[in-house]
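Two complexes follow with chain A in common, the first pairing it with chain B and the second with chain C.
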Partner chain A sequence: MAAGILTRVSQALRGPRLVGAVLSGHGHTLSTAAAAAKPPAAPIDDTGETKILNFPLTQPDFFRLSELYTIKDLFEARVHLGHKKGCRHRLMEPYLFGSRLDVDILDLDQTAEHLQRALNFTAHVAYRGGIILFISRRRQFGHLVETTARECGEYAHTRYWQGGLLTNAPVQYSPGVRLPDLIIFLSTLNNVFQPHVGIRDAAKMNIPTIGVVDSNCNPSLITYPVPGNDDTPATMEMYCRLFKMTINRAKDKRRQMELLRGISASV
Partner chain B sequence: MASLCKVMRNMSARYTLLPKPRVFTTLKSPYSSEVSGSTGEDAGTDDKSAERVKSGFATAYELHSDLQQQQQKGDRSASVRLSSRDETSFISLLRHSPLMQMGPAKDKIVMGKIFHIVNDDLYIDFGGKFNCVCKRPSVDGEKYQRGSRVRLRLEDLELTSRFLGATTDTTLLEADATLLGLLESRDAKPKE
Partner chain C sequence: MAASCSRGVRSLFWKYETCKKGLCVSLSRTCLQLPVRQICVSVSVWRKNLAAAGPKKYTEEFIKKQVEEFEIGKRHLANMMGEDPETFTQEDIDKSIAYLFPSGLFEKRARPIMKHPDQIFPKQTAVQWDADRRPFHFLFYTGKQSYYSLMHDVYEKILAIERHQDKMRNKGLFTSDTKQISLTGSRWLVKEEMEELLVENISDQDYMRFIQLMERLLSMPYCSLEEEFVQKFRRQLEVQSSKQEIAPLQYDSQGIAFSVADGRRKSAKATITLRDSGSGNITINGRNYLQYFSLLQDREQLMFPLHFVDMLGRFDIEGSVEGSGHSSQGGALRLAISRALLSFVSEGEVEKMRQAGLLTADPRIKERKKPGQEGARKKFTWKKR
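Take a look at the complex of A and B:
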């Protein structure tokens, strides 16, 4: 029960990723490593593959995620409400609009920008077939997070986090296990109001993170923080819906591009 | 009509030369030159009569806001002021939201909806960040089901307190409210 749902996908390891890791361990010079790390047998339609992978990176909003939400939607889902002034974390002060009768209010304009960046990154990771892990230690929303992950074909971990899940994965699972390529924290605190251990572990393992940071959270180690409320059920449902739609959209787009490439290659 | 026009034209000419502090034009006096400058040659009389019909403050306000928009186009404060007028911006939404208009939460009567029940505890959401938990009252106890609308008197939006030796407040993640009763309006709509 506590082991989470990380599955071992030893056969799905990408070539360059494994080769790069092995060669860097050997201490070869970078130039020879790079030359040797090129894909050994370049298939004929490699240009199509690279075009599929590189073309979305040239556009600022390839998946048109800005049409998924408006500031009014965020407002009605109560994303802007923070905790009381006494619970405020010092590093969240840039993201606050102000404080009204001791209640902190987050700036939704900044939140909208951060959310756009986070969703865009999620979409690109999902487009390239990355593994996404949802983490939330809020027991009130554990079931919601797990169903969200199931509905978009990704993974979730809403139980107790054992110490070495990421840092000691080859021992705790098996050698050659594939770690997630993106971790999304729907609440960055654990049950005792301390930062979740997964944030620090993901930073150690070079895994990018997206995190919904409330006014009492520490946004330091998170790659794409999204300042917002993480306590109201309506807000969490909105976040889950947005991430699910982003990931599904990205995967559908990838399937569509593969189909087009298949059609153009056969023609 | 022609004599009236001539009188008004003379008056406008006089105002450009010597803006006297009259009640009618006190608010417009800094802009009176520009007004007559812009409307001097074309239908000045009609314009003047139209302005005469509108009260002086209304026209002055419009002029002032137009000039403000022209002068402070790139200014940050202007964008804040303009966005508070734009109905869908965050600032204007916040300003007109019930939570802000309400003021301090102490002793305010609000409407809530029960979304979860555990034996005798009712978890009620009233639109704030947190929900409140109230005991099921002895009178009409079985009428309080999931989806019932109730009246609450708020005490606090979030129960927090700083304990000795702590750096931050400890929060209970809950609001505090007293249950007043079911919502009186009989809507004849069946409860979900």
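Take a look at the complex of A and C:
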């Protein structure tokens, strides 16, 4: 009897936490989480809400993000240029196409695949009203990143990272603060060529991360690494443009779906 | 305490025995009525950790209620004092409170006050996020949103000026000698004033960085486009000489201008009468200054103010001095002459005299002798053993 109570309690708990699980889960477990935790007793009023949330998950590229860029665009923006052979990180070797005159060249086919996955995840997070935080410690592009974040209505942090911003949030900010649901690193290194502290902190707080990893970066703790150049202004402008367009598309789509639901409900 | 604890425990056990065969429900009901067995802990754990709570936070509704109460109280006070409630200013409130509640306390801050709640309760930042708990400001997660947002805006302005420069260069209208923002007579905001402006704490390095960025903005040729923005962060310096009180010139029966002034140094007191259209005669205590001051240094002290404003042969000086020694008397006379000269001299000259130190009274006095010592500084002979 006690066992029966326990299972019922756990099932009831899992129901309303479905959205939370989707937000903080990893990409490849998204569909499995949605399939496994289908609540037997779903809340009655929310059929419209669950439909809005589950409908984008039915198609692989719901937001049609593959139209935003081509491999030629990536090449022209110099995404494939890495650092010199001496700066190469061991874990980036699978992502390298080769090296020419000692300069590492990243494989744009792999980059395109990874970028598609990253943009798709961003779009889904933005669709569900998640908080997105852009991080870059490159002083050359700090202003650009902050402007991008402001224009798509999300948040940016391109300044000195204080120790407990994620791990000690209720003390650093106020109690009851909401942490970001996705962190996008437009450059994973800080000004002393070491991995940014935010990567480790996000992993500790179960926040998924997207990171543009250059050939001298460590892609281990990043959920959706995107192998690519992070030093050229043209490349950074392209990334900022892509992320901004993704987020705006996703938010517009959400508003559209809400309007449709409003119209269908009134009808 | 311990007896009551044990009594509570014993009564609990007795209840268990009586309703051993009873249902759990009844036991829970009886349990609620009994005192819970307390674990004995030290007193310090019960006391609230006041330091960890941080500065006291007031809710917005509380402040609003205080403001309403203040307004009503102000009207009551006006009625009590027989004044018009509509035109009752803060000064009137202070005077009324000082009259109704006379206090002999020395500490002014301990006396009764009635001020607007905004001046009493510290300014607090409002809740930073909306109904979905999404923060309002796009730099919220940096921790110092106002400061970094200000830096972002200043950098944006620098970029805008650079774009303007490029446009002018393209048109061929670029010139380096454009109107510059005048910075004389003003200073940058101090760190405390910045903190007040941003409602945030900033460190010394942050403040330095901000000043560096503003200086960079000012170094560009077309910075006059953002003059208004820059002036927001500058404060005017007060001109010290405007605080000097200059007595008007007096005229005697023959129409000759004269002025009278006093001066003090150590314990010498001097009074000087400066008469215009003279020939440089100086009389002190009825005697000629050559006879009174046999030392050249003292006579130089008398001459210095007149020499500074180039009016050496113009005035007749009549002075009386008493007290202290010859050097202090010379200093006292010098101060008196400078003060008397103020009425004869222009505004610019007054500022020059002030910067030369002619108008500052020398504050040095004889240092007091301390017990256990021979004099003010001299100690008794030090013996090793």
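Quick note on the criterion: the second predicted complex is superposed on the first by the 222 of 267 C-alpha atoms of A that agree within 3 Å, B and C clash if a C-alpha of one lies under 4 Å from a C-alpha of the other, contacts with A are read in each partner's own complex, and residues count from 1 in each chain.
Heads up, the rule we're going with is that a contact is a pair of C-beta atoms (placed from the backbone, for glycine too) under 8 Å apart; a residue touches a chain by one contact, two chains touch by 3 or more.
All figures in this text were calculated on a predicted structure; none of them were measured in a lab.
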item: Combined model on chain A where chain B meets chain C, clash or fit; value: fit
item: Partner chain in contact with A:Arg64 - chain B first, chain C second, else both or neither; value: neither
item: Partner chain in contact with A:Lys51 - chain B first, chain C second, else both or neither; value: neither
item: Which of chain B and chain C A:Lys72 touches, first, second, both or neither; value: first
item: Touched partner set for A:Gly86, first chain B, second chain C, both or neither; value: first
item: Partner chain in contact with A:Arg255 - chain B first, chain C second, else both or neither; value: neither
item: Touching partner for A:Lys204 - first (chain B), second (chain C), both, neither; value: neither
item: Contacts of A:Arg139 with chain B and chain C, given as first, second, both or neither; value: neither
item: Dominant contact partner of chain A by residue count, chain C or chain B; value: B
item: Closest Cα approach, chain C to chain B, once both complexes are overlaid on chain A (Å); value: 6
item: Contact residues common to both interfaces of chain A (with chain B and with chain C); value: none
item: Residues of chain A touching chain C in the complex; value: 129, 131, 133, 143, 146, 149-150, 153-157, 159, 162, 165, 172-174, 176-178, 180
item: Chain A-facing residues of chain B, complex; value: 88-90, 93-94, 97, 99-100, 103-105, 115, 125, 127-130, 157-158, 160, 162, 168-171, 173
item: Touching residues on chain A, where the partner in the complex is chain B; value: 70-72, 75, 78, 80-84, 86-89, 97, 100-101, 103, 105, 107-109, 193, 216, 229, 231-233
item: Sites on chain C touched by chain A in the complex; value: 127-129, 132-135, 138-144, 148, 152, 155-156, 159
